[in-house]
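Here it is, the structure, as structure tokens.
Letters A, B, C and D name the chains as they come in the text, with residue numbers starting at 1 for each one.
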């Protein structure tokens, strides 16, 4: 059975080679199904591995060959599967397969159809290497690989200057992250003399290592995670990445790649255990990201951008859980988020497909009638993410909130705020898109149709998962004997938390109540505003006139609107304009331009004149000799 | 710096000549005069070699440097008809820059010499610099580098011929490429 | 005075200073001059300063390897001069000048 | 020794065979020569002792062909084979050029095996003098002229400085023999360590070698000379010369000057130079519009990374340097081959000339990606393995330098990506280039090196089981 591990990663690799090399000559359907089949094989094998791991908590390990050995350092090309990996494997291959099938219909007729599947397969391969690698170097290979596929797929349709700009941003940000990760790796080699998970964590668990170095390692790894998982300040690339085809957004930028940072931190939980400073940092960065992205999400009108900011916000929430040491909660939310966010993205893809490429929600509306299946699944996704009782998002978010509540009340309040904002922007998106009246062109209306089965079946499956995903880790008050399945499942990896902050059932119920109440409020507000009144978000240029506000001032919800919602919205807008587009983007661009500017400066030094070169050389010589002598 | 009075006068005079000639080489604005001054410098350095009991090198220096290499320089100067031209010297900016650089380098050199020259063991052996003893070592221990210098010469010769010869086939119709008018 | 006796009265440091001065004069020339042929001559001057230093060390330490090194330096200097002058002549044929300040096609 | 002798004799034979009026195709012979030389290396490696006749000719204090020498020799011969194989078909005219390249290669091989300053000096000169000529071998091209004259004048100048360093070290240690030097150079405790003479001498030697590898601030020649020289010469300079100089650097500084005291003396200065080299190389490359010049700057940056090997613990960094050199040689060969072909079609090497290249030429496009990845150090190419090994070896001693190096390699991806963008993400139709079968063979060799070592660097680093000396 050991060969299974290698087969799991080799199958998508074979898929990549086949579709990439001969896919051009094959009919579209064959290429598409070949690509999907490759992932399906991985999925089936993953299930078998999962079953074995269930019986054997220690996990499996398979060394393929020695990658390199120098001095005392030896790094193997080795795969492993433990309970954390097994969970991720199912998510990646399962959702990956559904998205492959979806893409067969979605990408139908595209000139680069075979390339798309080759890239997708390559992505799955790299993602599997990332999660199944038995050491940090394998993780880094996967890390770089998924990043690469992400660029390739973002730029799939946009091979022009504008894309170049967006890609450059993604590039610089991920570079900063990778720099942190690599430095962390070198520091691990320096401190532990190995990159092997087992060796490193075993050594770290003994607790006799320099805590300063471990903290530095943890922070550097987190910098890597920030880049990949889009946290402040390295998050603005993710909304821009929405330029790629929608299945890509669903697979890479919602369900799998962006969660690599979470996986990394959970994987290194032994190290983080010794680095409370790093954990605090994660907590604060996470909550700040969550709030910021949720605020910005309120004012977005591009259906995919809303979802993108929502992803950033949810990832922030997962980091909040990690910051509290609640690894199970983070993994739980990661899993359910993968279900419902993939569902939402695929749903939006279905909408975009139906609308003939339209992405602006202001030109949609009343899609319920023509796209019933998309409507219902999207509704399920929305409710799941908004935390409708007993759906997956309800349990996972609730668990995070409960953990934060114990850990830090202020952060909890902020997290609750973020959850509320999430409900609002998701419901707004839903109402504006599917209800109200149709605002598109006649041509679009005529063209409007439900998507083919290859797109709707994955939607349906994901919808079922979004509803039932909560079963993975029910809280005690609901699940009784079946509670905390995931927590027990992950215990071999995350260990039994020492000071289990068990909160009383009463408090837990109260927290749930708060969540439900908030959802209800958000539902009423958005329903009133966007469905009943049919308010359509204004175009970006037209600001809400104060005059109109005044004329309706005796309406309670208008007051509410002015007192709370408007400031929140404005904050979102300002954040988007100032922090996102101007602040972080400018800094990142400036960071890139700085080097180019320095390059231009250097060009003047290299002026082609031998005399200058000679005198520079002599000056350098004098400095070197003098410095060395008088040092 | 040791006192000048303690230094034997032949050394002083020779050094004086060397430095003077060297300075003339670098400051004269006529290449031809530079060459001649350089030959004089080499003669004075050969005299130093004699004083150092390095007779073999003294002779080789005269034959190879002053004889062969400098004649080559003169020949090229004549060939290129640069003997009459006076070369425009660089501006004062360059003069100062070059002088300061050279001065500073001299400074760091002397600083590094300051403490170390007394550590040099003094084991003068009379016969070291003679042709006989040098030749013996050259053709035993130093045989490999000697052969290697043969390759070097061959390579240099081939290279010089390659650059110097005119490509008979396409000499006339080949335009000079890459010229960018200033 | 016999050369031998002079040799015994001159400190090694004098030779070191002398050759450093000659070396720096040569270096000054390299920086100051613009005729490629003169530049090459200045480099030859620097090489000679090095040779003098080697010979002085060699004689004082009674070790023949320094003087043999000088022999090889001379060989290489000859080879270098031959190639260098060939390059200069080639350049002169194309540009009618040996002034290095005009070389600035390649830059940036 | 046998490899060196073979190449030396072969070079003379090829030179004289070309004197006749009849045109003979020399290139296959030259490549066969290199192959033969390469075959000797594993044989010597396994035997690990020199035959008696070698010991008679070459005393151990002049040259030693130990395993560390053999490893570098193998890399250099492979690099030279790629140069000849990829550029030989039409580029090299006449047996004189071929002979000069082989003579230069002899110099490079000497730089792998010297144990005496005389051999080091002669090796450097044997390497350089033919190159001065080759840089100017397009006689009617003013750029080639300019490259030759700049290279020559700066090279001769740096030789003078290098020799001054030799003289200082000779004065400071009383010997030119590296193994004696290693014993003597820390100086006695009474003298308080190294004398000023030796200290300065070591640094002057360092600057002389820094010139050859184009490290800041002695790098000024390299962008200009690389751009102006014919492509094959540039590739030869970028790969063979650079690797050979690094071999010399490694041998000199990690053998003769390796005692802790001496190391502490020169390592800090060298670390600063390495950092400056990495930054200048990468920053300079960012501002370029011309691929050839970009490659020149990138080679400066690569020299900076490779300097890390000199600084790190030699036991670890030796194989890192070998892997890196192989990766560098392979990827440079591929890029320069493509660059040369494009220049033949379009007449220049501006980035715009590469528009649409990757679309028009599928396999060459994939190769180009592979080479660029390797240069940028993206897994799983040989370049990544090399960088990883280098950086992790240097991390213990020079953390700040590794951070600078990582920053540099992050910057470098920007300009490698620019090449990629022009070749793949532009609409224009590129010219279709059909490599001849000989070229394909050598391209395949380069690609194999890049991929195989990238996926399995243990292939090379596993050799550490053998004793080096």
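As a convention for this text, contacts are C-beta pairs under 8 Å (C-beta built on N, C-alpha and C of every residue); 3 or more make two chains touch, one makes a residue touch a chain.
This one's a predicted model, so the numbers in the text were calculated from it and none came from an experiment.
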| Going by the contact rule set out at the top, which chains touch both subunit C and subunit D? | A, B
| note | Of B-D and A-D, the pair with more C-beta contacts is A-D
| request: Go ahead and note the Å separation of the Cα centroids belonging to subunit B and subunit D. | output: 30
| query | If you average the CA atoms of subunit A and of subunit D, how many Å lie between those two points? | reply | 43
| Using CA atom averages as chain centres, what separation in Å is found between subunit A and subunit C? | 66
| request: List the centre-to-centre spacing of subunit A and subunit B in whole Å, with centres computed as mean CA coordinates. | output: 69
| note | Touching at least 2 other chains, the residues of subunit D are 118, 122, 125, 129, 132-133, 136, 139-140, 142-143, 149-150, 153, 157, 168, 171, 174, 196, 199-200, 223-224, 287-288
| note | Where subunit A touches two or more other chains simultaneously, the residues are 603, 606, 608, 610-611, 614-615, 618-619, 621, 625, 629
| If you look at subunit B, which of its residues touch at least two other chains? | 90, 94, 97-98, 101-102, 105, 108-109, 111-113, 117, 120-121, 142, 145, 149, 152, 155-156, 159-160, 163, 176, 178-179
| remark: So, in the complex, the side of subunit C touching subunit B is made of residues 1, 3-4, 6-18, 20-29, 31-35, 37-38, 40-42, 44-45, 48, 51-52, 55-65, 67-68, 70-72, 74-83, 85-90, 92, 94, 98-99, 102, 105
| request: Under the touch definition given earlier, write down the residues of subunit D that touch subunit A in their complex. | output: 149-150, 153-154, 157-158, 161, 196, 199-200, 203-204, 206-207, 211, 216-218, 220-221, 223-224, 265-266, 268-269, 273, 280, 282-288, 313, 315-316, 319-320, 378-380, 385, 388-389, 391-393, 395-396, 399, 402-403, 406-407, 410-411, 413-414, 417, 421, 425-427, 456-458, 461-462, 464
| query | Okay, in this complex, where on subunit C does subunit A touch? | reply | 27, 30-31, 34, 100-101, 103-108
| For subunit D, which residues are in contact with subunit B within the complex? | 8, 12, 15, 57-59, 61-63, 94, 96-97, 99-100, 103-104, 106, 110, 116, 118-119, 122-123, 125-126, 129-130, 132-134, 136-144, 168, 171-172, 174, 187, 191, 195-200
| Of all residues in subunit B, those that touch subunit C in their complex | 1-2, 7-8, 10-11, 15, 18-19, 22-23, 25-27, 31, 34-35, 38, 41-42, 45, 48-54, 56-57, 60-61, 64-65, 68-69, 72-73, 76-77, 79-80, 82, 87-90, 94-95, 97-99, 101-103, 105-106, 109-110, 113, 117, 120-126, 128-129, 133-134, 137-138, 142, 145, 149, 152-153, 155-157, 159-160, 163-164, 176, 178-180, 182
